[in-house]
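Each structure below appears as structure tokens.
Both of the next two complexes hold chain A, though its partner changes from chain B to chain C.
On to the complex of A and B.
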């Protein structure tokens, strides 16, 4: 079930209609060409040798036997191929910033010595087929000196803990200073003094892998001094720029081609080490090299969502007004700072006194990095469970408690629009919240207990710079050039729909050219829920320019074309622009066997005007499914004695299967605040932010025990009920 | 993936002698039914077969048929065929239910009865390449490590749990296991087919080198036999049992004349809980009796540091399975 409420919005021609993806036929008939489908003449196959130890110094490496194996064309190692993977580790975990990357203290190379996690890369082979490449890996002799390792972020900060870097295990910030990330608003101590009651709790969340269908791969092909990379990228422009910088090239010397890709969920932002390894191998051997990671390599070798510890302290008055929020957090980043280690959520509350201190910590687990809403789902789980507990403890309905305490526009900080009240109350009505929640948690008789949980969120929907080019020929056929790829949300189709609407033509008259840096202008990349808004605004501006040209000059004739390009730098006039959401979920917990089943799920969102209802709805559903998995299934368990990962892969991480997925009722309240393309905001990341929080709150409501760590596995439920 | 030799054989006898010949040449050998798991083990390096003896070219072992002794089920019958067979569904529903609970439709379409019964453990230490007992080493890493999924019965020195769903159902029906080796055929009782790690820490069954399981015979059942397989999973598909209970009862009215209760996922072999079987004999099947059966079922359990939650689960699973066989 899903529904779109469009009160007060003028209907449009193309936008707002359920529209099949423009590449649907190619995808479902197997014609779509993914990176691994490319075959170039003389193409070799690459494989990477990885560390079997969580922490070790490489004393020596002998590649002679591997090089002598017939079919092997090149072996590169940490000794003879020292290439910085700039995006792989950045001071402060920041992105897209050349000066910050240059200043980074702890860099990640394509091959590393010492190796700092199981899966860290050491060497790579190019050979005439995949099996020879794999056999060659087994012939490389490495002498390791094992070093002590540390897996847990809090232990890593203790005196005497094994050091991942000699400067200490607290990650440096973007200035290169070894200090926690602190946000200090108002006066938190004064807030606690004002409170009638104080609540404290510790929450923990696990490592979650993005688990995109297509493991990383890259096909590199040099022609002279120009590198063509066929790679599944979530941002071809960024991938090109990062790769050029890492290899000492100019941007125009790198062409990135991503025609089709099998998902990323944040895992394929910027460039990947696979791109650099393939490019380095290809340059050495003078032939195209296809580098493919296995599922296990993809799971362990690169990155996923960071595990966290969150210690909350909340001050609240008897009437339910929150007076102070404090959180001390730890984020396990693995040995490279791929992303911030942020723990978001408390800023969704209006409480004027908020203190947050997060220590991003190096460990010898696999690297943590970007995953759909990188800082949010675990943070909202923590704060929303904390607040849910506070609400029940002081006898308030969590929805009422939220409506009383959530952040609202102020004189100082206005919003472009604000619909959170409506988003929450509509969700509550559709779900029948009052009837489903247990006023007294855990009050169902018998071993099978039902309960309902709720969470809310706001998430950035800011505008920014991107580019688009649109062309028309004498036959009134339009061509739109946008540097987007489709990681799932249907960006090519969305861009085509925006162009058709802005041009006043039908989608079938618009050919979309995408996924090739030599053919398309800059685009922001499919991360941060930005493409629809930012590249979409560029499409609108280019289309308007083209329409003006047509008005001024008439349609082109003969072989002539008219072309318009746009790179707008829009602002929101100092206002904050957010999308909003609320999720409501009912669970049934069998307390005899500790299992949790989702009975009903309602997702209520405001993401501005919806461009393509079918893909927007599925973005919320897909993200919700991932969030449910984070809540009740997924983790990456390590053996404490050896530092070896035990549960990589779909089977061990127990991702939801189709049979586990409930019906998810999605409801959009559509608006147009005048800022996005036709009012569009963000949708791609918003759904995942709420689900772990809502599911955990529902379990607590069902069984009467707060689940303070994710995933909520049966041993935790049975432990609580024992 | 490393290179290996695939041998298509025409009979079980040829398979056994081919295995013997290969081993005499110092090669390591694996028999492949569906190969769904074996291939992944070879890719992962947890099976180092030089020679894979492919049984998909064997025409025998594919039938489910009744003869004077009972029902014989070929070892190469797929799990899909087993789960859909009318005879099995009518008289041995626990076997059909166990078969349909395995993996995914894709796995069941090629995975075989023999392969399911003889699959290697899914312990995360063994499958991640630790040199444990099951890999020929001399340690069980779960003991001081992550043992949340490990054995609460029959453990030591290895604490793996048996992964098969079909095996406990076969044991509950007193299946006779038919084995072919280089020296001919032999039959092994359900009790003797599976071996505890105290007897053999490396292997889960009594198949000797170069022997393979070719089928089972379910002895004739009395007409009042009812059965069920109840499986608790961490998700609704594509995973092994956290706890599985195969229960076979000879029922007169609502009285259990005799019962077999066999667990999977909690012990290194399909685990008969004889105390529960003895308790149930002669009892009316009621909620109270089922609950007591569940309590009795964990009396001998010996949890490790992180798997105590399996005790209440096992009790609840036995209770659910037994109660589901109440008349009416």
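On to the complex of A and C.
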């Protein structure tokens, strides 16, 4: 079930109507071409050799037998192919910042020595077919000197811990200084002094692999000094720029092509090592090379959400007013700093005294990086379980407690609009919160217990720069050029709908050209929930320009066309722009076996005006289900003795299947704050931010024990009940 | 070949069109990469037990030389067309469809019976094409996602996927459609629960499960494949 409340919004012609994707036919007939579906004449196949050890120095490598295998065309190794992967490790995790990448202390190469995790790359082979390439890997002789390893981020900071880098295991920040990330607002000690009660608790969260269905692959093809890269990218413009920089080329010497791609959820924002390995192999052999990762390689060799430890201390008055929030956190980054290691959430509270200190830490686990709302789901789980516990301890309804303590607009910081009260109260009504929650947690008789949980959030929806080009020909047919790909949310269709609306024509009269850096202008990339608002605003501005040209000059005739391009730099006039959400969930826990079942789920959101209702609905539902998986199933466990990963792959991470899925009631309150294309805000990451917090709160409400570690697996529930 | 094909069909439960998860042979943390054929034919488990650390295909003493690769000629009907093909014995059905017949609609998501993206119909039963050897398809009738629409006319379940946003990234969609097609053949108007039971072997990491189930129920209400 889904519903849209549009009070006060004037209906539009195209926007707001359920619209099938413009490429839906290709997607349901098998015609959609994904990277591995391309075949180029003379194409070779590439495979990567990876470390079986969590930490080892490579003493020697002998590739002679592999090179002698018939069909093998090239073997490249850490000795003869040292290419920096700039996006693979960045000071402070600043993925979009070139100078920071240049200044990065712990640089990552396409092949590394020492190898620092099980799955780190050592060498690669190009051969005439993939089976020969795989056979060749088995013929490469590597002599390893095993080194001590460390898996746990807190242990990694202890004296005498094995060092991932000689400077220590605390990751450098964006200035290159080895210091934690600190946010210090107000006076937290004064806040604790003001409090009647103080609560402390430690929360932990696991590693969540992005696990997109399409395993990483890349097809590189050089023609002279120009590289064509067919690759599953979330951001073709970023991928082109990164690849050019890493290979010492100008941007225009790289063409990135992503026609269809099988998901990413944040692990394909920049170029990937596969792109650089394929390009290096292809240049050596003078033929196109298709580099393919297996599912296991993708699981361990790409990245997932960073595991965290969060130590909270909360000061609260007897009337429920929060006076101080403090958190000391640790994020396990693996051996390379791809992204921030952030732990968000506490800034959703209005409390004036907030102190946060996060130590991103190197370990010898697989690399951590961005996964849909990179800093949020684990952080909101921690702070909102903390606050939920505080609310019950002092005898308040968590919803009332939130309405009292959540961040609101102030004189100093205004919002473009603020609907969080309405979002929460609407969700509570639809869910029937008062009837479903247990005023006394765990009060159901018998071993099967029900309970309800709630969570809320605000999330960035700021505007920013992106580009679009619109063209019209003498037949009054429009072509929209946007550098988007479609990683699942339907960006091509959304952009076409915005263009049709702005141009005053029908969607069928707009052809969308996408996914090719030689044909499309810069776009921000399908990351950070930015495409709809940022590239969408550029589409609106280009369309307005084209309409002015048509008014001034009339429609083109003959072979002429009119073209308009736009690269706006919009602002929100100093106001903060946020989308809002709250989730309500009822669970049933069988305390005899520790299982958790979702009985009812309500998702209440304000994401501005909704462009395409069905795809917006499914962004929320899909993200929510991913968040439920994070709450109760997924993790990447390691054997502490050998440092070997134990649960890579869909089976072992226990991803949710059709049978685990509840109905999810999605409700959007639609608004137009005057910013963003037709008032649209962000939606893609919203759902996942809320689900782990809400599910964990519901489990606590059902069983009467706070679950302080994700995932909430059966053994943890049995342990809590024992 | 007959024996092997029979073994392959163990993956299929004739009474229930659902593709069932088949627990892969225990691949310990130090598992050695087996040849695909050894693995699929069941001799993998024994060899794994004694293998040294080689989680990523580190030196195997018995690496085969490619010159020794065996091939077999098979006869197979794919999407209504009869083919006689010489296939390497180590090729999977998915490899054959994608590489030899250029039917790339069949996707390889895990290559080890975990995700269902490669689901095709073999003699009308859904199977994971990544976990069937091509030689086992000798004499079989295979249908892939490319064989669903006839003369440009989408089947009801394809139409329902278009209308109800069945694909997000779309990578699992061909497999979802093939299992759904088998379900609707045997149960033209399934309930949501029956759909979920039948589709349990097809993962969707975009987690668009609600829309997929709604689409299949919708296709059933429209008369299944009629």
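Some notes on this structure:
The working rule: the second predicted complex is superposed on the first by the 722 of 722 C-alpha atoms of A that agree within 3 Å, B and C clash if a C-alpha of one lies under 4 Å from a C-alpha of the other, contacts with A are read in each partner's own complex, and residues count from 1 in each chain.
Simple rule for what comes next: a residue touches a chain if its C-beta (ideal position, glycine included) is under 8 Å from a C-beta of that chain, and two chains touch if they have at least 3 such contacts.
As the structure is a prediction and not an experimental result, all values here were calculated from the model.
By the touch criterion stated above, A:701 is placed in contact with neither chain B nor chain C. When both complexes are overlaid on chain A, the residue A:593 reaches chain B alone and has no touch with chain C.
Of the two partner chains placed by superposition, A:339 touches none, neither chain B nor chain C. In the superposition on chain A, A:134 contacts both chain B and chain C. By the document's definition of touching, neither partner reaches A:258: not chain B, not chain C. Within the superposed three-chain model, A:719 lies in touch with chain B and out of touch with chain C [touch as defined at top].
When the two structures are aligned on the shared chain, A:517 is found in touch with neither chain B nor chain C. The larger set of touched chain A residues comes from C, when the choice is between chain B and chain C. Judged by the touch definition given at the top, the superposed model places A:353 against neither chain B nor chain C. In the superposition on chain A, A:53 contacts chain C only, with no contact to chain B. The residues of chain A shared by its contacts with chain B and with chain C are 131, 134-135, 138, 294, 296, 639, 642, 644-646, 650-651, 655-659. On chain B, the positions that touch chain A within their shared complex are 1-3, 43-44, 124-125, 128, 130, 141, 144-146, 148, 232, 234-239, 242-243, 306-307, 309, 312-313, 315-317, 319.
The touching residues of chain A, counted against chain B in their complex, run 130-131, 134-135, 138, 294, 296, 447, 590, 592-595, 633, 637-642, 644-647, 650-652, 654-660, 713-715, 718-719, 722. On the chain C side of its complex with chain A, the touching residues are 21, 23-24, 29-30, 33, 53-60, 63-67, 69, 88, 90, 98, 102-112, 114-115, 117, 144-146, 148-149, 154, 158, 161-174, 177, 195-197, 199-213.
The residues of chain A lying in touch with chain C in their complex are 20-21, 24-25, 27-34, 36-37, 39, 49-53, 69-71, 118-119, 131-132, 134-135, 137-142, 210-215, 260-263, 265, 294-297, 486-490, 614-615, 617-618, 621-626, 629, 639, 642, 644-646, 649-651, 655-659, 661, 663-664.
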